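When the chains are written out, they are named A, B, C and D in that same order, and each has its own residue count from 1.
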Amino acid sequence: MSALLALERIGKSFGGLTALSDISFSVNPGEIVGVIGPNGAGKTTLFNVITALFPPTEGSVVFDGEAIAGLPPHAVARRGIGRTFQNVRLFADMTVEENVMVGRHCRTRAGALRGVLRTRGEREEERGIRQRSRELLDLVGLPGACSGQAAGSLPYGHQRRLEIARALAADPRLLLLDEPAAGMNEAETKEVSGLIRKVRDLGMTILLIEHDMSLVMKACDRVVVFNFGRKIAEGPPSAIREDPGVIEAYLGSAEGAADA
Amino acid sequence: MFLEQLINGVTLGSIYAIVALGYTLVFGVLDIINMAHGEIFMFGAFVGMLLVSKAGVPLPVAFLGAIAVTGAMGFLLERAALRPLRSRPGASNLASLISTIGVSILLENAAHRIFGAGNHPFETPFAEIRFPVGPVNVYLVQVLILLISLLLMAGLALWLSRTRGGKALRATAEDLTTAGLLGVDTDRMITVTVVIASAMGGVAGVLIGMAFNYINNQIGLSMGLKGLAIIIFGGMGSVYGAMAGGLILGLSETFVVAYGSSGYRDAIAFVIIIGVLLVRPQGLFGQAAPGTGH
Amino acid sequence: MEWINPYHLQVASFVLINVILGTSIYVTLSTGQLSLGNAGFMSIGAYAAALLATKYALPIPVGVAAGALLAGAAGALVGIPSLRLSGVYLAIATLGFGEVIRAVAINWESLTGGAVGIAAIPQMGRVVLAGARDLGFSPASLGLKPNQFISLTVFLILLVAAVLTVAFFLRLGRSRVGRAYAAIRLDERAAEASGIPVTYYKVLAFSQGAMVSGLAGALYAHATSFISPADFTYHRAVEILVFAVFGGSGHILGPAFGAAFLTVVPEALRAISHYRYILYGVLVVLVVIYRPQGVIDPPLLRRMRGDRAAEAA
Amino acid sequence: MKVRLQALAVLSSALFALVFLGAEKPRPRVEPIKARIGVISIITGQGAGYGEAITNGIRLARDEVNARGEVYIDLKIEDSSGKQEQALSAAQKLIHSEQVVAIIGPTLSNEMKVVGPEANASGVPIMGTSTTAKGITQIGKYVFRNALPESQAIPASIGMAVKKYNLRQVALLYGNDDVFTKSGFDTMKEVSENRKLRILTVQEFQKGQADYKAQLTKIASLRPDAVFCSALYEEGAVILSQARKMGIKVPFVGGNGFNSPKVIEIARDAADGLIVATPWFVDRNDPKVKAFVAKYEKAYGKKPDQFAAQAYDAFHIVANALKAAGAADRDRLRDALAATKDFDGVLGKFSFDAERDVVMEPNVLIVQGGKFRVFQ
């Protein structure tokens, strides 16, 4: 089975500061892979490199057999990589539904003129966008009643789900989730965990950054561990749990202990 | 001719620099372009002119008078047009930009009513003192302008980097909320900044009057536009950028006339800006600001 | 038909041109870019239309369309390098662009006539009247004097242009492209990650804004029949910005309202000519302080719509 | 016998005077012709200095005319802020809302190019008092001006200066972003070429510029015999003062826009050697001029400049034409205006030519010892 995403010797530095060095691993279709590590280990930077917000200083990102480094971020999204952000980045002034509709952008075509003239094709396309958005809101469990509400006014947990719905609207094959359960209580975390599996069952591949160990252990097929911008371990959750290097670097830290 | 043009350029550049320092100080702290700055220094020029020509007071007193009036105007500007916006949610920088534009329209027209339209001569015996340097005559005013601009720049730079007040100001500039949490009285710091910047405008106004022999209620506008151009290509909020930018603009305007076409003199400022910004979007001395290029 | 007063129509006509200008700055602002180059783009449209009409005797609609398109093309050219800039840097650089265009208009005498400008540009009302007379129509048949007819024609043409422009962007705002604009304004990063080609849409919006300015300029040339570089100064650029922020830049009706209101105010204050701009300044400050988001914003519109719905129910 | 004859003469003239006066007294008082006249002027913004002089001159003339009782004029003054749109709106207001019989103004040639066609199309006589650019009265048969165009003023001043100082090489300096100064420059260039003067350099400046030293330094380095400068007095005064300060001592030749007491007020000694051609001479030995200057000074605390004088005369020309027309009727007023001949105003004898433009002999003046004097 060929990998959906292959990272080859990725390095990234900002000025003199090295954020990532020599990162290689791959994600296979249908997998849920967790990325863990202490704060500042370079996990989010990795996501930014994959989604082309930053170009890598070294190495290459291969998605579905094609090197995607050098493409602009929107083209990467179009190829099929969707993401959420660590501190939810919704379009706060737009409605919930509109947020998801924006996500559908790269799968639709109507230009400015057709949008203004409201041609038949455009109206049909809009109907499709709207319908798909409703389905996705259903999928992530946001009540239809809030679809007209401003996204910024949603409760925090709902915002996280909305962001996932927006990412899903672009029909990604690979979904990058950056701490989807951050700031949630146990019940909510459980729901997110369920949602992640539901999404995978729809045929999506997921790369997940998460601090909540219980979620990682339960949801992930494989886990990659980062520390100081390097990959220090990779393997199934059960093996990672026992890896002495990981325990020392990560689980040994105060925060890790509290989470575990 | 080169030497003379060089002196012309440096004089003009120093004046531009003083005007630009006022803008840059306010922008550095508040992230706001104070569009009323030009009109404030125009008032400074008028106060200086009235004191010197009508009341016959000595020049230093005229400077003090101009500083007092423009400083007070800065205080009022901050209280009336800037502070009310700081506490309001949803007030973007655009809002304060527009409120200062409103103040500038108000002041320009008020000056017209108060001082009258058209040009007013600005004469001091001091402005006539000159001495030969090689083949050319240099006016004492020209030297004074350069000195004052350098002094203001050095003073500002020192104050910002060495003194408690300056440090508090920089902390305020860095992050308003955090500085507030750390016990800096940010409202006071902002008021101080605007007052200092406006007082510097007062100095600039008197110097402009002496350098050009006249003033009118429109000088704020034309000078202000140049000041804006300078802080952009010098780098917003940079004291050295304002100085360097002022001199570069003064010299380029002068040399465009000397060796090029005087028809494009006023446009040269913007040709430079556009050129500089395309190469360095943050300006010559600016730090890469967030949001500029990625 | 005595009540048709060319003076009121004249003011209304300038209101409409300013509404179009207000829309032009709104369009670029709707992607989060503050462009002050609109006076420059306006002059490109005005000069193009004026020259095509006076030198090549082309029909007015052709010249107006060409002026708008040329300004739009110039907008794209300026928009691309401007992508590196944002915030005040972009604002001042585009303001500078406008000043450079004006300097060119002043100095390129053989084409633009320099400071003397271009006079005797066909005025649309008079052209329509002449055309109508050729067809055997007389304004008297409607009970109108010729100058009433002329002013009314200009007003109606501008009304159609302004309504179409505002409607265009109102509809665009509710379409896929409009959502992309709003997404870019609200969070450029997130928009990119959602698959929106940010560069393309920023340049598109910039160019559309320029095109609308050019349209306003071309219409202006054919409404006043004379243009000169003095029409397109820094003041105009700032005035357009004030329209947008005063009226509210969060919704297209904001700049339109700002333009209308701030054009009418100095006119209404004619009786106190000496003090009218002092009052104008005070008014701008007060309104911005009490409504920093502008007079009109989406919540206000929702409330108004809600009230209407409530009344209807 | 001789004594008797004298007595008879005295008696008869006294009788004659008595009869004459007696006939005068009981003449029924004629209702004055009532008319509303509009003025468009710059009251706020850049150029308000010119607008102020113009409205002052007009108000003074209005008071005189109304006091005389033959015509009674209701003045409506509108601000243009120096902007074309505002000028056009103001014109529309005057024409259609105020129903004025004629318009005086606007101040700038730019504004007239927008307002003129509208007034002309509406059949309202309009008279520029300060619009000196080319092609103004050609707008149409309702458009007049009494401002001496630069195309008449400048050849006179240059002609005198060339003769007197034997000029061979000159430098030209002008404001390139203003219709007025640009037109003046075009004339200067043409006249210089016709007179085979060597033009050493042409320097431009822009409105609102504060510093002219760069241009002046360049001019100084070329050592011209004179500087021809097309500027309005606001800029002109500053140019002069900066030029003298940097050692340019040669004569300056300007157009009629340069003629203002303000020049001397601002430039002081530096104004010496300025040559202008203008119909307005504040110290002319003419009782009319003296009376006007005295009244103006009393009312406004300063001496009238040519903007005030031209506006003052313009108002009287319109009032006279109104009297000749016999009624407040736009078309009759237009015809009466066009027929104006040898009007004797503070600017001298004035007539309109066939194109409603100015026929007038300009005076050439020079500033000497802080005063305008006739240049000979």
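Here, contacts are C-beta pairs under 8 Å (C-beta built on N, C-alpha and C of every residue); 3 or more make two chains touch, one makes a residue touch a chain.
Note that the coordinates shown come from a computational prediction; the quantities given were computed from them, not determined experimentally.
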Handout entry: For subunit A and subunit D, chains touching each
Key = C
Exercise for the section: Please name the chain that ends up farthest from subunit C once chain centres are defined by their CA atoms averaged. Expected result: A
Completion exercise
dist(centroid_CA(subunit A), centroid_CA(subunit B)) in Å evaluates to 49
Completion exercise
Chain centres from averaged Cα atoms put subunit A and subunit C apart, in whole Å, by 43
Fill in the blank from the handout: Whole-Å distance, C-alpha centre of subunit B to that of subunit D, is 39
Fill in the blank from the handout: Per the C-alpha means, the centres of subunit B and subunit C lie apart by a whole-Å value of 32
Practice task
Specify, in ascending order, the residues of subunit C that touch 2 or more different other chains.
Solution key: 106-107, 274, 277
Fill in the blank from the handout: subunit B residues touching 2+ other chains are 109, 261, 263, 266
Exercise for the section: Please set out, as single numbers or ranges, the residues of subunit D touching at least two other chains. Expected result: 44-45, 176
Exercise for the section: Could you run through all the chain pairs that touch each other? Expected result: A-C, B-C, B-D, C-D
Problem - Of subunit A, residues touching subunit C in the complex - result: 51, 53, 72-75, 77-78, 82-83, 85, 89-94, 98, 101-103, 105-108, 110-112, 114-116, 118, 122, 125-126, 129, 166-167, 169-170
Completion exercise
Per the touch rule above, subunit C residues touching subunit A in the complex are 168, 171-172, 175-180, 182-183, 186-187, 189-199, 204, 208, 250, 298
Fill in the blank from the handout: Note: in the complex, subunit D contacts subunit C through residues 43-45, 77-79, 81, 84-86, 88-90, 92-93, 95-97, 110, 113-114, 117, 121-122, 133-135, 175-179, 181-183
Exercise for the section: Would you mind writing out the residues of subunit B in touch with subunit C in their complex? Expected result: 27, 33, 80-81, 84-85, 88, 90-99, 101-110, 113, 225, 228-229, 232, 236, 261, 263-264, 266-267, 269-271, 273-274, 277-278, 281-283, 289, 291-293
Problem - Footprint of subunit D on subunit B - complex, ascending - result: 1, 4-5, 8-9, 11-12, 109, 112, 116-121, 123, 137, 139, 208, 211-214, 216, 218-219, 221-223, 253-255, 257-258, 261-263, 265-266
